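First comes the structure, then the notes that go with it.
Going by the order they are written in, the chains are A, B, C, D, E, F, G and H; count residues from 1 in each one.
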Amino acid sequence: MKPTVLIVMGSDSDIPIMEESGKMLGEFGIPFEMTIASAHRSPERVAKLAGEAEKNGIEVIVAGAGAAAHLAGAVAAYTILPVIGVPINSSPLQGFESLLSMVQMPPGVPVATMAVGKAGAKNAAILAAEIIGRSDAKVAKKLKMYKERMAEEIESKAKALNKGQRVKESKGQSS
Amino acid sequence: MKPTVLIVMGSDSDIPIMEESGKMLGEFGIPFEMTIASAHRSPERVAKLAGEAEKNGIEVIVAGAGAAAHLAGAVAAYTILPVIGVPINSSPLQGFESLLSMVQMPPGVPVATMAVGKAGAKNAAILAAEIIGRSDAKVAKKLKMYKERMAEEIESKAKALNKGQRVKESKGQSS
Amino acid sequence: MKPTVLIVMGSDSDIPIMEESGKMLGEFGIPFEMTIASAHRSPERVAKLAGEAEKNGIEVIVAGAGAAAHLAGAVAAYTILPVIGVPINSSPLQGFESLLSMVQMPPGVPVATMAVGKAGAKNAAILAAEIIGRSDAKVAKKLKMYKERMAEEIESKAKALNKGQRVKESKGQSS
Amino acid sequence: MKPTVLIVMGSDSDIPIMEESGKMLGEFGIPFEMTIASAHRSPERVAKLAGEAEKNGIEVIVAGAGAAAHLAGAVAAYTILPVIGVPINSSPLQGFESLLSMVQMPPGVPVATMAVGKAGAKNAAILAAEIIGRSDAKVAKKLKMYKERMAEEIESKAKALNKGQRVKESKGQSS
Amino acid sequence: MKPTVLIVMGSDSDIPIMEESGKMLGEFGIPFEMTIASAHRSPERVAKLAGEAEKNGIEVIVAGAGAAAHLAGAVAAYTILPVIGVPINSSPLQGFESLLSMVQMPPGVPVATMAVGKAGAKNAAILAAEIIGRSDAKVAKKLKMYKERMAEEIESKAKALNKGQRVKESKGQSS
Amino acid sequence: MKPTVLIVMGSDSDIPIMEESGKMLGEFGIPFEMTIASAHRSPERVAKLAGEAEKNGIEVIVAGAGAAAHLAGAVAAYTILPVIGVPINSSPLQGFESLLSMVQMPPGVPVATMAVGKAGAKNAAILAAEIIGRSDAKVAKKLKMYKERMAEEIESKAKALNKGQRVKESKGQSS
Amino acid sequence: MKPTVLIVMGSDSDIPIMEESGKMLGEFGIPFEMTIASAHRSPERVAKLAGEAEKNGIEVIVAGAGAAAHLAGAVAAYTILPVIGVPINSSPLQGFESLLSMVQMPPGVPVATMAVGKAGAKNAAILAAEIIGRSDAKVAKKLKMYKERMAEEIESKAKALNKGQRVKESKGQSS
Amino acid sequence: MKPTVLIVMGSDSDIPIMEESGKMLGEFGIPFEMTIASAHRSPERVAKLAGEAEKNGIEVIVAGAGAAAHLAGAVAAYTILPVIGVPINSSPLQGFESLLSMVQMPPGVPVATMAVGKAGAKNAAILAAEIIGRSDAKVAKKLKMYKERMAEEIESKAKALNKGQRVKESKGQSS
């Protein structure tokens, strides 16, 4: 099955973070491709990947990068596909600069910026699914089920916590 | 024509910012609706707007808010539509807290966060067009034209600057 | 005894922090209930918990959350009970965004925000006791004793430090 | 009627901000007293005001201060009444340091911190009302009405915006 | 005379800042060219300008940009010429994000980052002169004279201040 | 009378801020001298001023500077006199960087750092008086009187506010 | 020998940091006393310690505290002795809030703020010595020797590094 | 071979970071010298090193320092050579203050500031090579090769990742 999401990251050290995007897309049954390209070290590769993505059948691009994280913006410069950015915490400034580098895009070229790190990588996949879900009813359905499952998990965790409290109480402990 | 984008903002004082989204959607010929709802002052209205958006034919929701900007996240909690957040600079902390409140969403519920203020409001509309452009070829084409026009405008501005420099030089001025 | 304080947190990973609230309420003899609800993953559960708290006899709600910590604000949106927020340090940005997301509430819906992490969780319980102490003389008395005990502990620690210094001096050490 | 809320501020330059607290308490029919005391310039006055507040019938203390805003903490050190802090934006660092100085209280002595500036001053009064509302049913009722009115205002503003849009549309304007 | 410094900026709104670079280069007698190119709106123009700069006789490139200021990094990706970056204060976040976007370049592709705004634009020209001064003795000499002049100006300002103080004193004023 | 405090600032644009130090020293009857020297533009002047201060009878040096405010540290490097630093808000980053540049001195060379701007300039003079007051009983006495006066001023302002409130009340206004 | 410096800290967990002040004072032969007092948990103890310090022969007070570090300001409120503040890194916000809480004192009550953590604690002792050195020639002499020793240590470390480089080179290693 | 780059750092604890500059210069075949000098602890050594660098044949100075990192600015004050600054993450504030202390230089005295830590140290060497490459064709050629090698490495890493994905897929794993 041809990939509809392209996950690109600035360095192979970003794989442990960006794999979260891959896992989540897998759960939604969305085929994806994962690759490496650096806005600064291989700008032509970025231009080519981004410029050809649409005609290769890609629907959404997810770009993860740390430090002065220009990758998502560089990708967005070359495509009209939605570009989702994941700031990665890999410098002494803790990803804070990566977040600002991604989100403060100038008017004309948006990057859909997610939270720093793994939470952001996972959410990038969910946003990609939400976008794809606009024209793919199966993905939309899976998103609805995922949302319900999240609420149910909270309920079970609440029950487990409640049960733990009662056990403690019955043993005479106050909290 | 039924709106496909819902623009919601936390307060009527946000209108001058969020109008930028409306103007830009207008340029792409995307019908939209603009309304006010507050995550904190009218939570049930937010839940209703977000919960019913999909069945009302909305494809993308744009949410703009200032201060502890929970609106986009509150909307995202009730829908599987893509939600785009615009942090608004309306407190003494200059929108910095609004940016962080929007972008640092927990795993499971993404908000596609844009830059603070007008740049972000404009980009929210472009991202909405990019998403709609995935299934609407006319919008995709307009995006391509918009992208080309941006590059051309840079070229003309560069020429104007260059011309200005030459005029100065011919008059004997050094810069 | 029916709980008068409801402690709610966004995730079960917050339990080690929020237990500090529980322990402290236990010391003041205030019955409490601890549960899990997420503003984004289970918004209806939050609305229900907050909306029904008052009629269930709750006097104060303590809400702890990390990242874009909307939980306390979401709770406050549905109740006229005092809501105390505890920002939790669980993201690469170190709880800084959680603090801002909680404290910068818009006019109309306050969240009584505490310090980030365990110090905040402990203080949330003390503030809850101060509120309950307004109509419960026993709790007020316990608060007075707690305050005196804190001052006494400082005195004993000062004495212990002083003693240690003298011992060092008598052994010929300068500090 | 004897005041039940004491509003204290560090300097008379804070009056334009802290008046928001007064106005709001007035709306809830809560009698209050407003005064000036500085944690650094008149520490004994602060100690006396805070130390005697409870026996003078005060139920809640609201403290507003800018720069290294120690006032709320200094008040809290001398009382078991709930203390609400309002950081004031009056230095080149924009109230950011005042917020941190108030909210990061050490374990044992909470300050219920509000947003920076006028929003915070207004919310301080609402939180005070919520606390007083625990034992004063009239205040609780007014809070419920206030909450409903806020939601209604959002609805009317939304309608006004909607009407404005329709008028524009009927005149042929796109946004 | 062919330009040896290329000044490029992201938008024509940056001209008032970047003119400072031009003025300063003029003082050092260094020919320069000023143009506009946007990393996001005209990426191919940036690639071309940067890629051809060396063979066009450019020795140093100065790049000024605001918001998510990727321009300097995008230029640096395409050249082995020294690239000097000037962060420009043009967003609600006050150029802070532009500074971080420029300075936190990943290993392999440096950007010589200057202070935010006019101070930085002026210093970019001086650094360019320092670089060119390595192989152009006339520029090096001018730099030495400039450095001496700066020290002398401080001396004269100190004298003027001193004189002003004495006049005040002789008139009986204390400071 | 020979000056015992040397006030040095990095630029004549800092005079309006640093005059506050002068005024305050004048109130304490401490003779001072005010001059300009830049750590970067006239390093030898700084070295000379700082190196000779002690033998010229100076007891305390106050140094005010903006941006990367190295002046106070540069002075401290050349003297064993107490050096007081005043960060000045003169860049787009609002003096925040000046504060950090001054206060974060490495072990071995302290700078007694004050608040950003006028408050800091005034306090620098008071700290200088406190230091001089250690060996000059007249200055110590003036400090005590100043401290009492501050407390009294707070009392009068509180009375004025209180009177204003009563007048309002007697006219039937609620706050 | 009676102590001339009082070192006070907010909690016994601050001892490992504040011991650095003690060690350094020991090196200068300045007698000191170290104690614990909390601005919030034992405000009366702080008021007493600060209020009586001068008549007990104390010349300088060093105050170290973390979180909303009010201790130094609370001490300064009660004395005309120079007060030196050491912000301590003990919260998730890394001492950043402690620094701001100490340094941003309002006009009238200065705190001589040092760097965060051990560097600051050491420098507090050196600043205390510089102040005492104004009337104690022996301490002044020791400060001069300390300053010389620091410069010499840098020289020896530079020599050691240089020697290491030569050894490497002679063995054919490139750096 | 005489060194053309001088690497100076504020403390021997900075060696592990600044060695990255040395290694990289070694790769470009640029002879360098590494030494220690502190702007605050040995200001005369800094003045001498910087003041004599040019006549000793140095072309570029790299200065690395942590905390209130004045070293690079202090060096720049004494030379017209290009000075490259590397902020070092060695305090509780994580190098953030070092970055601001270096980059926010006042007009007249630039410091070419790099990223915080090892990335910055490596890039300092590359920028030095770019400057030297302006008059040394061999270095320029090595820079071109280095740039090509970086792009190739990205390609190989992308291939390796791609291969890993295929292997996983052929074994039936989804991501």
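By definition in this document, a residue touches a chain if its C-beta (ideal position, glycine included) is under 8 Å from a C-beta of that chain, and two chains touch if they have at least 3 such contacts.
Keep in mind the model is a prediction, meaning the values are calculated, not measured.
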**Asked** Where the contacts of chain A and chain E overlap, which chains show up?
**Response** B, H
**Message:** Given that chain B and chain E are copies and touch, would you call their interface same or different according to whether over half of its residue numbers are shared?
**Reply:** different
**Item:** Inter-chain centre distance, chain C versus chain H - centres from mean C-alpha coordinates, in Å
**Value:** 46
**Distance between chain centroids, defined by C-alpha means - chain D, chain F (Å)** = 33
**Request:** Specify, in ascending order, the residues of chain C that touch 2 or more different other chains.
**Result:** 11, 38, 41, 67-68, 91, 93-94, 96, 99, 103-106, 108-109, 115-116, 119, 150
**Item:** Chain-to-chain touches, reported pairwise for every pair that qualifies
**Value:** A-B, A-C, A-E, A-H, B-C, B-D, B-E, C-D, C-G, D-F, D-G, E-F, E-H, F-G, F-H, G-H
**Complete:** Counting only contacts in the complex, chain G reaches chain D at residues 10-11, 38-41, 43-44, 47, 66-68, 70, 73-74, 76-78, 91, 93, 96-98, 100-106, 108-109
**Request:** Using the touch definition up top, name the residues of chain E that touch chain H in the complex.
**Result:** 59, 80-82, 84, 99, 103-110, 112-116, 118-119, 122-124, 126-127, 130-135, 140, 143-144, 146-147, 150
**Complete:** Within the complex, chain E is touched by chain F residues 11-12, 15, 19, 22-23, 25-26, 32-38, 41-42, 44-45, 67-68, 91-94
**Message:** Using the touch definition from the top, list the residues of chain E that touch chain F in their complex.
**Reply:** 89, 94-96, 99, 115-117, 119, 150-151, 153-155, 157-158, 160-162, 165, 174-175
